[in-house]
Structure formats: C-alpha cells, structure tokens
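The structures come next, written out as structure tokens.
Here come two complexes built around chain A, the first alongside chain B, the second alongside chain C.
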Partner chain A sequence: MKSVLSDRKTILLLLIPALLFYTAVRLVPVFWSFGLSFFEGDLRGFDFVGADNFVKLFNDKELGQALLMSGKYAFIVTIGQVVLGYLLALFYIFVLRKSSAFIRAIIFFPTVLPTVAIALLFKRFFEVAPQTGPVNAILNGFGLPSIDWLGQADSAFIVIVIMELWSSMGFFAILLYAGLIDIPEELIESARLDGATGFQLVKSIVLPLSLPVLLSALIFSFNATIKVFDSIYALTLGGPGTSTQPLTLYMYKTTFSFQDYGYGSTLALLLTVICLVVTLAIFGSARRDRTKA
Partner chain B sequence: MLALAGCADGGGEAAGNGTFDYLAPNENAIIRDAMTFLSENECKAENEAMPLEIETLPQADVNQRLVLLASQNQLPTTFIAPTAELRPGGQLGEDDITVDLEATLTELGVYDNILPAAAAAVKNVYGGRMVSMPYQFNIEGFFYNKAMFEELGLEEPQTWDEFLDVADALEGSGVDALTLPGSQSWIILRYVGNSIFRELGPDALEKVASGDAKLTDPEYVDAIERIADLQGYFGEGTSTMDMQTSTSQLLTGKAGMMYNGTWMLADINNAELNPLGPDAFGFMPFPAVEGGKGDINQYPANTGAATAFSAPLYNEGVGDWLTCISENYGSSVMNEQGVISGFKLNQPVDEVPPLTGEIQDIMAEATDTVTWFEVPFQPRAAAAAGENAVPLITGSMTAQEWAQVVQDAVDAEL
Partner chain C sequence: MTTATLNRPTPTDEAARRRRNRGKKFVRSLPGWAGIVFLLTIGIYPILWLFLSSFKTQREFIQESTFALPEQLNFQNYIDAWTTGDIARNFLNSVIVTVPSLTMVLLFGVGAAFAVEVMVWKGRNLTLLLFVSGIMIPGQMVLVPLFIAYFKLGISGTYLPMIITYVGMGLPLTVFMMAAYFKAIPREIFEAATIDGASMLRAFFSIGLPMVRNALFTIGLVTFLSIWNDLLIALTFTTNADLRPIQAGLLNFSGEFGQVSYGPLFAGICINVAGLLVLFIVLNGKIMKGLAGGALKG
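Right after this comes the complex of A and B.
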C-alpha cells in the first residue's frame, strides 16, 4: 500500500477524476463569471466593456447601501449566533449535563425548518393587520400601540435579526457543544479543586480550550450571513424600499430582473472577494493566537 | 446552465410542428381556461386541424424565459410576453418576430370584433403596435361602499378636493377612508401615475422617459406629494397588507374606498367573499385635479398580461384560430367566467350583475385611456419606483426624495 501511494503517477491517476469534477462544477463557473464581469449585455449577446463594470462599483449608491446592510447584518448576526450558541452550549454542559439531549433537539429544531416557512411564521408573529400578531398583542397588553414592524426600515431589520438568531442558534449550540465536550473532564475537575468557579472557570479554562472551535464557528457564521438571501427574500424582499436589501439580493435583482449579467457577475466577484478576505483575516488571527499560546 | 435549462424545457420544442402552442402564465387561469373551453366548443374544428397545447410558466420567469426563447428562435405560436420587450426597440417589438394583429385581423375581416377602447389601450401600452390580444380588458378606479356614501350624504367626488372631503367624512364616521394593499407596490404607483396624468396630462410620464422632463421638476413633485399626503387615510398595516386582506376590508365594510381594476368584479360578484352583496358597491373614476391638463374620463386601462403571436409561425391554421377567437372569445369568457374582455359580445350572454353592466357601459363609451406609471420606463426605473412606493406612503421618504431616487434610475438608463 505504502509503495502504491508513494508513486506520483498513481497519486495523479487517483486524483485526476475528482480534480476534473471539482474544476468542472466549481472553478469553471467562477472563472466564467469573472470573465463576464468584463462584458455588458444579456442572453441576446454581450459586448466587451473592459473595466467599466468595476468602475461602476465605485459610483453605485444602491451598492453602497446593500454593502452596508450586508455588513451590518453579518456583524450583528455572526456575533449573536456565536454568543447565543456558546451560552447554550455552556448551558448544556454545565447545567443540563447528561440530560440535555431533549432540550438540544428542541432548540436545534428550527434549523431544519424551511426558511420560507420560518419567514411566514415571523410575518404572523409581527403582524399588525388585519389580525394583531402576538408581538403587537403583548405591546397592546402593556397599553402600547401596535408597531408596523415590517413597514419601517429599523424595525424590519430587527425582525430579520431575531428570526435569523432564532432559527440558527440551535445549530451553533450543537457545533460549539461538540467542541466543548472534547475538553477533558479531569482538567475542569482539577481547576475546580484549585478553587475556580463559574465565570472564572469559563474564562481561564473553557474559553481558551474552545478557541479553535469558536473560530471555526465565526468563519462558518460570517460566510453564511454575508451571503444571506432566502430569509430576507421571503420576509421583506429587501424592503421597505431597499433598506434591508443585502448584496446578494441586489446581485440577484441586477442579474435576473434587469438581465444585466455583466454587472451582476461583477457584484458576485465582489462578494467572493469579501468572503475570502474575511476568512483569511480570521484564519490569520487564529494562527497568531496559537503561536502565542 | 441557463441555456441548458432553456433547452431542456418544452417551451419551444413543439414550435411549428402543427400544434397551436400557447405559453401561458401560471398565475392566471382565466385565459387558458377560456382557450380550452373554445377548443372544445366554438373552435373545435380549428382545434382538430391544429390542436391547442398549453404550457405554463411562473410570471416572474417571463422576462428571462421569453428573451431566451426569442434568442434561440424558439418562440411558441402564441405566448405571454414582457411588456418592455414588445414595445418598439424591444426584442419582440418587430413585425418579423411578433404578428401585427391590427393588420392581420383586418385582413381576416374580424378586427371590428375588438372594442375600440381595448384596441386603444393595447396600442397605448405597446408603443402604437397592436401586438397583444385583449383577452382581458380592465379599467381602473375607486370601488366604494354605496351605503356608507348614502348614510353620510356623500356624492362621487369629481375633483381631488372633493375626494379629500369624502375621505375626511369617512374617517370621521370611524372607518378607514381607503384601503390599500401595500405589498402590491403597483397599486401605490397607480395612485402616483394617475395624480401625474390628471395634473400634467396623459403624456407626462413619456416626457420623463424620453428625457424632456424630470420627476424632480416642481410640478411632478407636487403631483407625487398629493399621494404622499394621503397616509392618514389608509388603515393600520397598509405597508405590508396583501391584496386579499385589503379587498376584504372593503367588502366587509371596514373601509370606504379601494383603488383597483375591474377584475375585482369577480370578488364583488362572489357571494362568499362579499357578504354585503354585489349591489352594495359603486365604481368611480380617479378624480380630476382642478386646473390640471388631464381629464376625469381618461380611465387607466389595460388588457392584462400581453399575449402575442409569433410571426414566423403564423400560417393559415393560426389565422383560423385568430378568427375563431376574435368572434367567440368575448361572449364565451363572459358566460363561463364572468370576465370582461376587449372583444365584442357576439353571442347572447346571461344576465350580468348591475355593477358589471355599468362598467361595461363605461368601457363601450370610452375612447381615450391612459396607461400606468411603469409603462414608459425601463426595468430599473420601474423597480426603483416600486421598491420605494411603501416608504412614500408611510412618510419614510418625502415626495422629493422619492422623485430623486426614481429619476436617478431613469437617468441611468437614458
């Protein structure tokens, strides 16, 4: 076996089918899309426009708004998901201990629900008319007037964030739970014997030891949230106005509604670069941290 | 990928193989049901010679699919088509691609089966070409609750000031003066468009589209402001309300007036949806503006989603179908589905409900119609107007800001 795997030709032969498949389904479309960024046109035909689409990026007001929305959303939701997920994971391990399976399943459940169903559910939760939804009913119960949650930019954003956190915190809790459970029990026990309790235990033992999985969760979360599309599409369609329109929705609209495939591809490229840069930045900082440790 | 998806589809594969292929929208069953009915009854002979084959697609995919089919020369015999592409300069706007129905129906001797106002509406929308069959004919205006008007001693308002007085009186009686489904931004744009047409004349938006005027000009902003100022008259939850809920607000007496098209007659004539009965509602035009260049009798009119015919696939069999449809569609769709079309009623029809009859009379007399806000604009400007329509009526955006955003999109495409 060893002699087979040390033969370069054999390795190449084994790798080539997978590499070809990967190239065909992943890399070719990426380069194709990159190529399209230099053209303008629709399915009728394309004209070469050089770097015009890239210049346009800098003068596009709607893009600025969409980038700001994507950034704000990714930042808030990533922190929210990871923090809530981490707190839940700690809760599973230190409070519920062995009996956490049922609660874990319940909290994980929204993750498997279709996004559109969740969006419809939240539309009802925050409904103002013709039926008053539960959230407004509670406000009314305290003598406060109903709020048209999805009708105003700020409140619509809040609803989107709440919906996303509700549906994804269970997933991050499981992810981080898997990391926490790997921390040797003896280590925690010995820290306890040394007098560490509660917050101190988490800060000095649990947090440093779970840093790798926390960083993975951050990368995972950021890359998913910066590409958010379906939940916002189903809940607000980017509205009211374009106030909750993320970069992906703007890209979709440009490409498929306006059939501007060239500029749409340029926007896709921008999104890819953002994801790459942030992922490398997080990886970079993680590596530095480890060498320090 | 897109090309593969297009090829995999049956949209064009049957083209020219002796069938009468109709590509219809998923969302609207009226036309395809009417065509199926005709193929089994009045147009049986035509159907035997050239069988009707219906395929559907979601309305949201029409733009992309039709452009793809056209680029591959795979358009079916007759098809739903995107408005912008059917206008001159659009990909389907030439005589060698889509049939000029005025010339063809005249040649076939059946053009007089089309109501003059319906023909005018089609030509208005598609830049002077009669390129779509008027399978539906709708005019738009305000439906109102007659009993409420009588109780409060209100008359149908003729001017905008009178309209505001009526709205105040209705609000004063404890109901919402107006109900508006904000999730359907096109209705808000109808308000804006009508206000501009009444103030500045029916060609006011064409001027903006061609660059001769700007939405940010003070007279345009004033007309837009008129609509922004209505925000206190719409009930709670307007910004996200759907059409069904809004319709129900009017039909159950929770609101006094609702702007809509005459397709709403189907709901008004439906006893399950309308507990107050079909006689309880009246229909009136969008009011005039004092000193404005528009006229109260210029009803916004449309003939439903465009249905065009392929010019390369036109032959004797298609001509026979066109003749049969022109002669029979109007009375058939009225009898079977109670729908008003742009065709004359050549066969006796069952008794029509009073409001439907009234509206038919208005349509028969009307000669001049106007279009709607989005018609002269390219997709970006239309999208910018629609996306920002709710903020305009909730006060999150001023008329000036709204005009600027839409004008920027118009300028980007000029």
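Right after this comes the complex of A and C.
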C-alpha cells in the first residue's frame, strides 16, 4: 500500500516543474544577488570590489532619505490601514449588521484595481492645471487657493497616503471582519446584559478577542508597505526631486537607470534584511505579550 | 401560569411601545445612515468621475468645471486610446503573458502541493518549507540576476522573461495554499483509486484535481490579479515598447500624450478598470475571500 503513495516517478513528475521554476526564479537569484553585492559593473562585466558597496551604504545621503521615506510611509500607512480597516469592520458588524454585503463589496473594489490606474486617477483628482481637479475645485469653492499637491514634498506624501488608504481600506476591513465575525454572539450579548455599552463593549470584549487577527493584519500590511513600489512609481516617480522616493524605487533607479548593478544588489539585500528583521520582531514581541497575559 | 398571564402586555401597550421604539430606532440609526452615505460617496465617486470624464472633449476638460457632466456620449476618446494610443496592443500583450503564466502557476503549483502533501517521502516537509520561505523574499532581490540571466540567454526581447518570472513568483503561495487543502483530504481516497487499477498520476488528475477545483479557482483569481496588475516585473523586463503589457503601457501612455490629451487617457484608464469591474461584479464573493484568505495564511 505504502509503495503507491511513495511512487518515485509520480513524485518527481509532479514536483519537478514547480521546483525548477522556483529554484531558477527565486532561490538561485537570491544567492546570486547576494554575491553581486561584492561586485561593481553592468551587463558588460563585473569587477570584484570587496565590501566597498557596504561601506558606501553608510555614506549615502540619498539612501538615508529613501530609508526615511520607506519607514515613514510603512509606519503611517500600516497604522492607517489597520485602524481604518478595523473601524470599517466594526461599522459593518455593529451598525450595518446583516445588510453590509453591498457596502463591503463597494469599499473593497479598489483593491482589485491596478495601482497604475489608481495612481493616474489620483493624479487627475488632485490636479492643479490645466484642468482643476475635484479636490482643488472644492477648495476653490470654499474660497481657498488651489494647492499644487504633487509639486511639494509634504503634500505629495499626503496624496500618496490618501491614495493608498483609499485603495486598501476595504481589503483590511474584510480581513478584520472575518476575524470579528468569529466572536461568538452570546459573548457580546451577555456583556450587553451586564450593562456594557458601545465603546466599553468594544474596548473590553471585542478588541482583546480580535488581537490575533489584528496582529496578522499588521504583519501583512507592514510587509506590503515596506515593499511599496508600483503606486509611488506611477504617482510621483519619487518626486518632486527624490523627496518621496522609497528604498525600492532608489534600488530600481540605481540598477536600471544608473546601471550600477552591484550597488543595486546591495540595496536589494538591505531591503530583504529589513523585511525579515521587522517581521521577526513583530512576531517576537507578540509571543512575549501572549506569555505575559 | 397566573404570573405568565399577568406579565403579558395588552395589545395596545405593545403597539405603543413598538411605535416608540421605531422612532428611537430611526434617531439612533442616523449616524449609521451618515456613515453609509459617506462610504458610498468616497467609494463610488472617484470611479464615477473617471467614467464621466472619459467622454469629455479636450475643450470641456480645459473650460468646464471638473464636476460638469459630459455634454454628449463621445466615444472618440475610446477609439483614440484603443488605436493610436496602443491600448489594443498592450491589452493583447497582457493576455499573451497572463494566460501561459497563470496556467503554469496553477498546474505546477497544484502538482507540487499534491507531491508534498499527499505523497509520502523523506524531505517533503522541508520542500514545503522551501516553497513557503519564498513568500517572504521581496521581488527586488531577484530582479538584477534575472535581468542579467535573460540577457545572457538572449531572450530579452521576448515575452519569455515576464512569463518565466511570473511563474516563479506565483508558485510559493499556490503551493502553500493548495497543500493546506490537500491536507484535509484523507490519503485513503487516493489509495483506493489505485486499487481499482489507476496509477497515482491518474488518481491525481481524476480525483485530486476535481476535489480541490473550487480552491484552485479562487487561487487562480488571486494569481490572475497579481499578474495582470503587476508593474515592477513588466517594467523591468520590457525593453521593447511593443511588448508592454497594459499597466506599463498605460503609464507610458500618459507620458506620450503629455498633459494635453486628457480624453484618451481617461478612456484608457476606463478600459483598464472596466474589465476588472465586470470580473468583480460576477465574482466579488470569491475574490474577497481569496485575497483575504491568502493574506492571513501567507
């Protein structure tokens, strides 16, 4: 009997194609990329430069700015996504109750849209000239002057955050909604009978019970936001100047615009290390919390 | 018995209380309604504005208010975007790249999941772990070596770099999710099939695949969206403008026409959005479940 399930030919036939692609596209390039960070060069050839690229990391002003941007973006958008998503989920469950399906779908829809389409839409939505976009038209309606939203670093950052939250809050709402709906009805009902109301109910019953799913959302969100590329590339291209350029975009430009493959690989390595460290840190702190409780 | 009759409210009491309750209920539900209106506005208006704008002429864009409705249903923008704007070419490229990538991700992914979860052999857990660890690695980490490799192989000017990369990128999640589904199916079912004379491979195709059909469809949707909407890989591996898929094309489209030609640009974005809107209307339940499920487990 056992021989059928461990039939070598079947295993190989089913496993080899996937393993081949996976190894070629993900495993080998990771080590190759790691190796490249000790070299300098482009498609024509490479020279070994030892740890030069790593030394360069510490004296690179543009990198500092990019790291700051990535960090600021990941922090603000992660918090925004989880908080807005959670508020929406609470709204779905406690206010809309059984009739929330339509709103849930409407708010979720931007999640399936390509970031390029969303970025182009927002570019026009916040436009100054030649067409005054809706946002500036509303400002003008209140007698305020138009703002060149994408022309300044701070306001450009604000537009990026608004865009990101608009397009992803419905997704996080569904993610957290799925967690909230698992809380037994009787538990909430009995707390209500004990006199707990609205805010109190959420704070002492619902919130503690949804901590695990909140944590998952936090990790997922951070992992995605630290890798942000498409939306910023399409909306501002890191501009004005390099003021909204995250690490991913800096790495991309270094490699494919300036043809510095070695340093580009070093930056990619830095990005990977940051992703791993932060994920492990969140996991670690969560585990400690749970043992304390 | 007597207490029960005593406590039962009279019909008139009941009606009055219900009326009072209804009034109270309406007042209490006001913030709820405000919330609904607000959410519908921010959810629908940007898309609606995009759609209405796609019918406007250049003059309307410059001279009329941005909130104004289009003066007529002008399909010229769509014709311009589709033909001179090259959206047709980009759309076709997207299809050419997405169909084989998606097929291979699903077929190879479900095969590998079957091999590591149902089949019994040494090292299968390690292999699954190997696949799963790939979910954590950012795409940027593999771009440079792949770019060099494709160049050296001489396939830089074709669709192959995109297809190969999408397959490699899509596999980890598919293997991981499908393995979880196979775990729920008792091995005895497949063993029983082989007693009747079928080979294990046959059992996979005629019993395993149909059993996970629904899950495979959901993962297919998620993978489709990630390939169709991708920009990073499309941007990196299309050195030739004729190969550009729709997202990369749309981005360049806005560049070519500059700040001047709004109409075709809006029409181009609308074409991009419309297809996904139809897909979402038909399958929103599955898409939402699939995306959220993939996130929580991944």
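Methods note: the second predicted complex is superposed on the first by the 268 of 293 C-alpha atoms of A that agree within 3 Å, B and C clash if a C-alpha of one lies under 4 Å from a C-alpha of the other, contacts with A are read in each partner's own complex, and residues count from 1 in each chain.
Keep in mind that, in the parts below, a residue touches a chain if its C-beta (ideal position, glycine included) is under 8 Å from a C-beta of that chain, and two chains touch if they have at least 3 such contacts.
The model shown is predicted, which means the values in this text are computed figures rather than measured ones.
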item	value
Contacts of A:130 with chain B and chain C, given as first, second, both or neither	both
Which superposed partner A:256 touches (first chain B, second chain C, both, neither)	both
Contacts of A:50 with chain B and chain C, given as first, second, both or neither	neither
Contacts of A:148 with chain B and chain C, given as first, second, both or neither	first
Contacts of A:33 with chain B and chain C, given as first, second, both or neither	second
Which superposed partner A:284 touches (first chain B, second chain C, both, neither)	neither
Contacts of A:238 with chain B and chain C, given as first, second, both or neither	first
Per-residue touch tally on chain A - higher for chain B or for chain C	C
Touched partner set for A:64, first chain B, second chain C, both or neither	neither
Overlap of the chain B and chain C footprints on chain A, listed as residue numbers	29, 43, 123, 130, 256
Complex contact set, residues of chain A against chain B	29, 42-45, 61, 123, 127-130, 146, 148, 150-153, 238-243, 253, 256-259
Residues on chain B engaged by chain A in the complex (per definition of touch)	1-2, 63-64, 67-68, 70-71, 91, 182, 235-241, 245, 248-249, 379-380, 383, 387-388, 390-391, 394, 396-397, 408
Interfacial residue positions of chain A with respect to chain C in the complex	1-2, 4-8, 10-11, 13-15, 17-19, 21-22, 24-30, 32-33, 36, 43, 88, 91, 95-96, 103-117, 120-121, 123-125, 130-134, 137, 166, 170-171, 174-175, 178, 213, 216-217, 220, 223, 227, 229-230, 233-234, 248, 251-252, 255-256, 261, 264-265, 267-269, 271-272, 275-276, 279
Residues of chain C defined as touching chain A within the complex	29, 31-32, 35-36, 39-40, 42-44, 46-47, 49-50, 53, 61-62, 65-67, 104, 107-109, 111-112, 114-116, 118-121, 127, 130-131, 134, 136-149, 151, 164-165, 167-169, 171-172, 175, 187, 190-191, 194, 199-201, 204, 225, 228-232, 235-236, 246-248, 250-251, 254, 259, 262, 265-266, 269, 272-273, 276-277, 279-280, 284, 287-288, 291-292, 295-296, 298
